[in-house]
Amino acid sequence: MDAFVALYLFMLAGIAGYVLIANVPSILHTPLLSGSNFIHGVVLAGAMVALGHAEGALQISIGFIGVMAATANCVGGYVVTDRMLAMFETSAKRNQRRLEEEQRLLAERNNPGSVDADVADADADGNESEQDSSNNKHDDGSRAS
Amino acid sequence: MINSSSFFIDLAYFFSAALFIYGLRRMSSPISARTGIWIAATGMLLAVAASFSHPNITGNHWLILIAMLIGGALSFVHAKRVDISDMPQMIALYNGLGGGAAATIAAVELLRAAEHGASERILGVVGALIGCIAFSGSLLAFAKLSGFIKYGNWFSNRQTAYVAMMALVLMLGFILAFSNTAHPVLLLMFFALSLLFGFIMTSPIAAADMPVLISLYNAAAGLAVAFEGYVLGNPAMMVAGTLVCAAGALLTRLMARAVNRRLSEILYSGFGIAHSTSEDSVHYGHVNEVDAFDAAVTMAFAERVVIVPGYGMAVAQAQHKVQELTQLLEERGVDVQFAIHPVAGRMPGHMNVLLAEAGVAYEKIHDLSEINNEMSKIDVALVIGANDIVNLSARTDEKSPLHGMPILNVDEAGSVIVLKRGDGQGYAGLDNPLLRHEKTRVGLGDAKRSVQDMISAIKSLD
Amino acid sequence: MDAFVALYLFMLAGIAGYVLIANVPSILHTPLLSGSNFIHGVVLAGAMVALGHAEGALQISIGFIGVMAATANCVGGYVVTDRMLAMFETSAKRNQRRLEEEQRLLAERNNPGSVDADVADADADGNESEQDSSNNKHDDGSRAS
Amino acid sequence: MINSSSFFIDLAYFFSAALFIYGLRRMSSPISARTGIWIAATGMLLAVAASFSHPNITGNHWLILIAMLIGGALSFVHAKRVDISDMPQMIALYNGLGGGAAATIAAVELLRAAEHGASERILGVVGALIGCIAFSGSLLAFAKLSGFIKYGNWFSNRQTAYVAMMALVLMLGFILAFSNTAHPVLLLMFFALSLLFGFIMTSPIAAADMPVLISLYNAAAGLAVAFEGYVLGNPAMMVAGTLVCAAGALLTRLMARAVNRRLSEILYSGFGIAHSTSEDSVHYGHVNEVDAFDAAVTMAFAERVVIVPGYGMAVAQAQHKVQELTQLLEERGVDVQFAIHPVAGRMPGHMNVLLAEAGVAYEKIHDLSEINNEMSKIDVALVIGANDIVNLSARTDEKSPLHGMPILNVDEAGSVIVLKRGDGQGYAGLDNPLLRHEKTRVGLGDAKRSVQDMISAIKSLD
């Protein structure tokens, strides 16, 4: 590969990585560390090639160790990250459910038995709850941090 | 450039790079984090599957498969089994292996030096150095955090020796990069010295600064992968590695800032050195003890209770008991909330993860600023194995290394109960005036035990 | 250039462009439109090469028009953007000055003639005003939007 | 790939690409915006300077210089002279020229088809199409906004003809891309049709939707530049072009959202069609007029005044007079603030720019949500040439196209004075109940004139 093109890739990917992480809430630091650790497990693709064209005992045994280590990085990295994030998700999901429930109750209290609420009202309500839930999502983020 | 891969492999690599980026983006928001890791995993599968038919793989197919099976199986079992509160060391381990894998690629390719151009050999050598440091440094971090190796700064005060070593490494690297024949012996020396550097970097660092250091090694491993990607002409590795490097570098800074430390401080000095001067201001006063029954009664008849978990709760693995206590109290009509300080525990989000694991509802968990506004309306604050994050000297003592860090103002609550084992201090090694505060009573003993006793006591009330 | 490498460049630069613009306050939409319009003026670099190797009257005249148009894009785009931003800057600067002035007055009122304020106090003050001004910067952003 | 540029040119291109990215980042924050454009300009100088010694420039050096001088001088003078409130059309003009320049590159390179590979010819053709559309579309937008050409949908209801044309364009493009000899006649037809498409796209669009459309053309021009960059093997053009394309696409969405429109709405229908159904609910009532002297007195003896500028202030170029009025009132002890609605005027930030130009202090300018909380404490709201942004029907009339857009609640102020020329309506073409509100009095006449009269009236009070 042309060295200058590589330079562009390095620069652009670096910018992407930096900008994507900016503003991440601190509760996600550890999962993100673990997740990006998993991503560099793509070294496996390279380790496979290295072993695949290795010749002689020395090269082959080094390559073998490399593929083993890289696979461990991939698999272990994935499992750890997923386990960690699973826990966040459960609590986030639970939270989400509770909020929806609350909103439903609220809506019921506001229009008791209102099957014939006029269109405008229903529309306005719809808008509101939409906004609300997006607010809540936001809240999650900031609360988490 | 020895690469001559086909169209479909190029395409697969491209998509996997795109998926890595997209996955990382999703991982940086709490809502979408889990789909993020799945997306990244899809990218990984694509890249690995494509590599199987890579034209440069001219043999050793079975060896590749066997190595993958061994490495995959071992790490799968280990990662599934290990306790979730041991995460920092697990991350360190897998990160180190990734850096090591990058180094092995460099080793193989430098042994085939003739097939590569100068620019590839240069980046290969640099990648090898960085990968080795990430490998040995991470593994030592893993060993220390797992308790296999005790704290010890084996390599202190030999600056001249280091400089000489560094010069030697650079010289070796120079030779390896600029000659187009293989030098196995020089290569071995180069790798040995590089690995040694990783050990030297990690060795003086206290266990509690490890998360930041691990993040740094993560960035380093990413860079090593990117450079070896260049050597092999694999743009997916280049993009993913650089991505990880940049994200990891930023993450390292963010994490260091969260625990109120500078990266240079962490790398160049143990924590003990930094604040030893203020140690002489320590003066012990009177501590009110409380037994489990009294503590339980106080809480059972309170209206609003806040629980402040800290590192001690993680050590004692008391989170499930704490959740049980919470439920008992709530059945009695007590309003129980949790207050999480951003640096409670030993890694960001440590407490959140543990409480989530125990099933504490998300909406009961509040952060510093939220709860501090409410604190005066709270009847009882139950501090479980936390010290620094409620250390009153952070507010008053300018010489304290904690000075300036916002703390949870538990002293504003009606009364405070602190659970701890003895007169141990926290991460910062400081005396805590809170323990001698008139409102405070201290319940001695392991946190899990103490909470269990409180649970029994409350049950006996009915 | 290798087509796949080009694909990487397109993807990465696209991500960078998108992410960098996210969260821009609406007051900056027009200057940003103008600024990015200026940036694609780099087409001049290409137009120069096109004219530089053009042969025959047709190619040369097309190339000539291209260089002219590209230069106009560059120069005009720059001048317009700069004029527009100059106005923002004046008002932002004025605002900044006023805030600094206010803070100075406030500080004077709080410690009248306090040359011998103790170190801790001075330190705290310093911190505060630092925070303040960063807050204000933030304010600028959100007020502007 | 015909490019064989030297190391230093590659390096310069690399740095200029980096500078463009960094400049764009700085431009997206109000504090650093101006340094952002300077940084981008540095990148531009670097790229252009490097191109002078590009190995592919084998002749025509003088022609290049002359073309640059002519283009540069004309646009410099024009850009310096033109009034700052004509910005949208200036941006349209320069943007169109950029898209056109990309198209000329494609033309030259397609005439040299033999020197390029298929992938380069394909992107070249696509870039030419996009560049031509950006060129003719932007120029028509420029002409319309400058008033050279009146509104008129010349090409309506010929869908079949369009489809046939599009098919022809695609066919021509196909031939051009896949044959490696030059076809000057086909090329001419291809360009002519592509240009026509640009006209067709712009022609039905009302002047007021132009900013969004211009932003779209900006993104298109960026893409064309990126593709021609590929043809020439110039990565700086590729990166900068893609950057602009992505940023422009997002910006287009943001701008459309800010004026409460969907992009598809803008592209497929004139505004008139969208809301013609609600027109029948219009019913004129009684409007209270007020003369300049009364209005001036009301304001001079108020405590708190809010000025709400709108598109009419821009048309009348009344901003300097408004600032004069403000100062006069403040000398009399009146507290004067400005309320800026996010879509006041005809482009985002239009009012901010005009008021900044007139020297209104930044801290007096408040946005919608800020000022709406204060509105009930205001004595007089002075609305200068604004209509939609204070249209009460947005709150009540569900059928109104403005329904759901938050407005400035001037009716909560003690009294309202509206300056306008007659019974003209706003951008949305709607009747405004505010004009017949009991609190409202309307001052008829050109805004600049009316404000000048108020100034004289206040001066005569002393």
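Think of it as A, B, C and D in the order they're written, each chain with its own count starting at 1.
Heads up, the rule we're going with is that contacts are C-beta pairs under 8 Å (C-beta built on N, C-alpha and C of every residue); 3 or more make two chains touch, one makes a residue touch a chain.
Since the structure is predicted, the reported quantities are computational estimates derived from the model, not experimental observations.
Asks: Quick check: more C-beta contact pairs at B-C or at C-D?
Replies: By number of C-beta pairs in contact, C-D is the larger.
Asks: Quick check: how many Å separate the C-alpha centres of chain A and chain D?
Replies: 36
Asks: Nearest whole angstrom, what separates the Cα centre of chain C from the Cα centre of chain D?
Replies: 18
Asks: Using the average of all C-alpha atoms in each chain as its centre, how far is it in Å between chain A and chain C?
Replies: Whole-Å distance between the two chain centres: 30.
Asks: Using the touch definition from the top, which residues of chain D touch two or more other chains?
Replies: 13, 21, 235, 239
Asks: Pull out every residue in chain C that's touching 2 or more other chains.
Replies: Within chain C, residues 1, 5, 8-9, 12-13, 15-16, 20 contact more than one other chain.
Asks: Kindly provide every pair of chains that touch.
Replies: A-B, A-C, A-D, B-C, C-D
Asks: Okay, in this complex, where on chain A does chain C touch?
Replies: Listed in rising order, the residues of chain A that touch chain C are 1-2, 5, 8-9, 12-13, 15-16, 19-20.
Asks: Once bound in the complex, which stretches of chain D touch chain A?
Replies: 10-11, 13-14, 17-18, 21, 235, 239, 398, 404
Asks: If we count contacts the way the header does, which residues on chain A are in touch with chain D in the complex?
Replies: By the definition above, chain A touches chain D via 4-5, 7-8, 11-12, 15, 120, 123, 127.
Asks: Can you list the residues on chain A that touch chain B in the complex?
Replies: Those in contact with chain B are residues 1, 3, 6, 9-10, 13-18, 20-55, 58-60, 62-92, 94-95, 98, 137, 140-141, 143-145.
Asks: Where on chain B does chain A make contact in their complex?
Replies: Its residues touching chain A are 1, 3, 13, 16, 20-21, 23-25, 27-31, 33-34, 36-37, 40-41, 43-44, 47-48, 50-52, 54, 56-61, 63-64, 67-68, 70-72, 74-76, 78-80, 84, 87-88, 90-91, 93-95, 97-98, 100-105, 107-109, 111-112, 119, 184, 211, 214-215, 218, 221-222, 225-226, 228-230, 232-251, 254-255, 258, 342, 347-350, 352-353, 356-357, 359-363, 365-367, 370.
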